[in-house]
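Next up is a structure, given as structure tokens.
Chain nomenclature is as follows: A, B, C and D, assigned in order of appearance, with residue numbering initiated at 1 for each chain independently.
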Amino acid sequence: MNYQKILETIYSQIKEGENQGATATYIPELSKVDPEKFGVNLTTVNNQSFGVGDTRDKFSIQSIAKVLTLCLAYQLRGESIWKRLGYEPSGTAFNSLVQLESDQGIPRNPLINAGALVICDILMSALGDAREEFLQFVRDIAGNASISYSEHIVESEKSAGFVNIALCNYIKSFGNIHNDCDDVLDFYFKMCSIELTCEELSQTFLFLANGGRKTLPSKPLLTPSQVKRTNAIMQTCGLYDESGDFAFRVGLPGKSGVGGGIVAVYPGHYCIAVWSPKLNKKGNSYRGMKFLEEFTTLTEMSIF
Amino acid sequence: MNYQKILETIYSQIKEGENQGATATYIPELSKVDPEKFGVNLTTVNNQSFGVGDTRDKFSIQSIAKVLTLCLAYQLRGESIWKRLGYEPSGTAFNSLVQLESDQGIPRNPLINAGALVICDILMSALGDAREEFLQFVRDIAGNASISYSEHIVESEKSAGFVNIALCNYIKSFGNIHNDCDDVLDFYFKMCSIELTCEELSQTFLFLANGGRKTLPSKPLLTPSQVKRTNAIMQTCGLYDESGDFAFRVGLPGKSGVGGGIVAVYPGHYCIAVWSPKLNKKGNSYRGMKFLEEFTTLTEMSIF
Amino acid sequence: MNYQKILETIYSQIKEGENQGATATYIPELSKVDPEKFGVNLTTVNNQSFGVGDTRDKFSIQSIAKVLTLCLAYQLRGESIWKRLGYEPSGTAFNSLVQLESDQGIPRNPLINAGALVICDILMSALGDAREEFLQFVRDIAGNASISYSEHIVESEKSAGFVNIALCNYIKSFGNIHNDCDDVLDFYFKMCSIELTCEELSQTFLFLANGGRKTLPSKPLLTPSQVKRTNAIMQTCGLYDESGDFAFRVGLPGKSGVGGGIVAVYPGHYCIAVWSPKLNKKGNSYRGMKFLEEFTTLTEMSIF
Amino acid sequence: MNYQKILETIYSQIKEGENQGATATYIPELSKVDPEKFGVNLTTVNNQSFGVGDTRDKFSIQSIAKVLTLCLAYQLRGESIWKRLGYEPSGTAFNSLVQLESDQGIPRNPLINAGALVICDILMSALGDAREEFLQFVRDIAGNASISYSEHIVESEKSAGFVNIALCNYIKSFGNIHNDCDDVLDFYFKMCSIELTCEELSQTFLFLANGGRKTLPSKPLLTPSQVKRTNAIMQTCGLYDESGDFAFRVGLPGKSGVGGGIVAVYPGHYCIAVWSPKLNKKGNSYRGMKFLEEFTTLTEMSIF
């Protein structure tokens, strides 16, 4: 399959169409990003890379990082993490507090904010310096030692992060946050502030298309079972309350962020990263969703 | 892959283990079924069939039939059906009325009771005699003209179907049921009462592993896009509020019924049907879940 | 206090002002009522009667009748009725199904539809012919043998009563309706269809201002404790999710109906009935609310 | 009426009976209080005082203070406060976050935690030093200049106040907290920490039985309409999700606190304060509820 040509065809077609939606406004810093940025990068399990558009611009990966904290916690603590959170789709918005009340502080899954906070808490208990060691983990799989947290994004998020403060304290009231809330929140905001390019993002997530290995003959980051399960969670929970829609239209496990990025994985074949800052009403990249739908439809490559 | 051997190995292993849970009690007729029944059948896209245990006993497929009504409505009405229901996981129990209140009578997806009632209503408006024509549709894809509704199951369900009566009337209060509720419910209970064997069930659902075609060179029942979407819906919504768990453990699109059956599809490869009447707390077959988890783990064949 | 003068003053003042809102449309028959009708009647515990406007026009008392079924059930079955429903305000709309799910089929109070259905069920189990005997009970306390159900209102409600059918079946699914749902609903729609004039309505509810006695030296209909409790329930639950507002503005126990009637009781002093068909957004009479607020403000007579 | 004798009769009767329930454990300091403490004090509008038991022991009034912050805010800001919160019963627990989600950060009423936080925020915007000026307000109406905040209670609450931190930040996320959350919470915890005796408590709330005046001919603290409305809110919302029960059994406007105090008001007649630290499941004083039920039943003095 001529990936380069397909990417270019779809890219120019979508570039010509409308660019609906709006950049995230609740994080002041994100609203300043050029809304016309648009990049796509695909990396195959044979480590061939294909790209079009703004593939070498850094952007804030935001919630996409939740998959990476999950993977590190999974690597370190194994199946025991599921005592503290579930892996069911929530059926409600990404920042909902409602279910925590009926579920007694056990978040539905690690990809909504509540669950990601619990994963951060697990990492803080497991590691000496979670912020530093998580960053190292990302640098290793991305193969780029210059990746780091964006302090101005962190500050911007903290100034508007009232719902996350509420979530963390609420979960702690049920005993499911063990560390100090301010610390957990600081780590949470930091991990969300990581900036990657589309190229780096598709490189970073390639191991989930590759049975847990970054490249042969590297040591696997996760067991095959853990990879399968992580992909399953991305499929059912990765795009908030639009996860069903993403499965329906795109048909690949994926994860979105309010920075406008979406990463998706076709196990055994490739990882693809798309970035366009304008978001639809559910908080997912408008052009990103559209691109991926076109791509899996045209290539007839979907897990379904 | 030696499917027969793998099926037998897992079967005997699970047969020796505990048989936890209980048969469905809220439908009196289902509680009379021998709880030790256990059968598995796998049909490949090349139409090879492998089976073990009680594969030729008829059982009530119950909610599994919701996929078949969906497919017929999809075939007849195309994407227009999504004006009347969604395709997002619900995050709540299969018979919940809560979301209908906030969602103004639009069911979350076609595989919860509320959504299946709307699909039945769509079929009744689209067809002259929905009961008869739906039965013919199932007979055709199963290749068995003797398949029919079980009148004593229908009677049994009606005697205890208060929640479904409530759901149908509640949806009608929002204007999203167009036919008479008693008629819609009669069709709903009838379609759930169909009895198939494991062999027939894996045959019947094979077209979803096969791009929409029963067998080559037959005319496709659904377009490739419709098949992909139906599988996506089964993946995210097929096992009620255990759908995330099923994706996580099994990793295949599937659908369960309170009769103890589960059918799962590996697109491009096979369809597998399991039947064991004892249900776990979420209403899914205890041994069925276990079998499928073992099967995809051992074969390392999962969509993720 | 010169009640007649006060009534007339407020009446003419409100009559001159706007008549906002709309008549109930979901019961077709009610939408045909002249929206400019407006009557008020006050009866003191000394049996003096004061009225102004359309006080001798019959109107459908609708939910106001729920207090009367409650009183008859309370008289017949005493405190045992509280095993099957509560006496807490619901915090949600009058026809909500949400709480029934979390409360396992136990309605919050007897003045929301769910609770009134359970009271109807209790009466059907307690009495030979609940419809007939309840009508006799109302005729007795109203002192008017010609009071009867309005068949055309019953038919009109049945044609649009899908939410009530849903509620009744849903409660039955929890085992908290013992009789056949169709029968319970028929009684429910009938009791809501009773037509009274403002004069009759203030006469009928006078016993709740009078320690349970219709007139001295009659036998009390309820014990003093039962009267106190019935008034307390009207205060906290009588105006649906506007009950707090009614306590806040009016400060008397009361009950409203979608026919545009409101009855309120000042224990030890009087009973007042207002009727004006246009309803505010919460389903309570726009002018009725306004009249009662003015009345208790001007007279400084409120239980608070 | 011989209040002293009635108080003593009921007191000794309840003292002999069981003392069910448990002291509040979520605020560590409150769990140390002697659970057998039991005091009652009644003050009439003529300023006669009657007491029995531990009426001169200080206890933490906790949520009872919410009525006092409401009254001060009402005095300072009038009806404009209702733009930022409601006066409807909530139908859910005192610390529920669920309704805030559907109500977009507008608390249902000022007597649940969410509403009291908004009232604290209003006071902080209205006053130079809200903590100091509120304390002065309480000292004035209690007629006791030594009343003050309990620092060790404040510390104890802060150490366990995760739900309140969550509530405050969640409301702020909707823009309905204008000051810094840490500041608002500090004031909130302080005002809840005030300690009064039963004698002082019945004195302090007397103005609500007295049309807004502490004593004649003092200047009224609130207008008659504001008093009526404050009492109405206590009636419908004062005992959390047991408010309906309190109206039903006791029949007086009242407010409880997790310190085991309950204060109730009979407009035009008296104010009564009860204290017993063991709480029932809803968080209200077990013996306090019982005492007040007996008292209004025996005296037949209730607003209903």
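Here, contacts are C-beta pairs under 8 Å (C-beta built on N, C-alpha and C of every residue); 3 or more make two chains touch, one makes a residue touch a chain.
Here the structure is a predicted model, which means the values were calculated and not measured.
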| item | value |
| --- | --- |
| Selected pair, out of A-D, B-C or A-B, that shares over half of its residue contact pairs with C-D | A-B |
| Distance from chain D to chain A - Cα centre to Cα centre, in angstrom | 47 |
| Centre distance in Å when chain A and chain B are each reduced to the mean of their C-alpha atoms | 32 |
| Averaged-CA centre spacing for the pair chain C and chain A, given as whole angstrom | 55 |
| Contact graph of the chains (line, ring, star, complete, other) | ring |
| Interfacial residue positions of chain A with respect to chain B in the complex | 86-92, 99, 108-109, 224-225, 227-229, 231-233, 235-237, 241-245, 247-249, 251, 253, 267, 297, 300, 302-304 |
| Residue ranges of chain D in contact with chain A within the complex | 96-98, 100-101, 162-163, 165-170, 172-173, 181 |
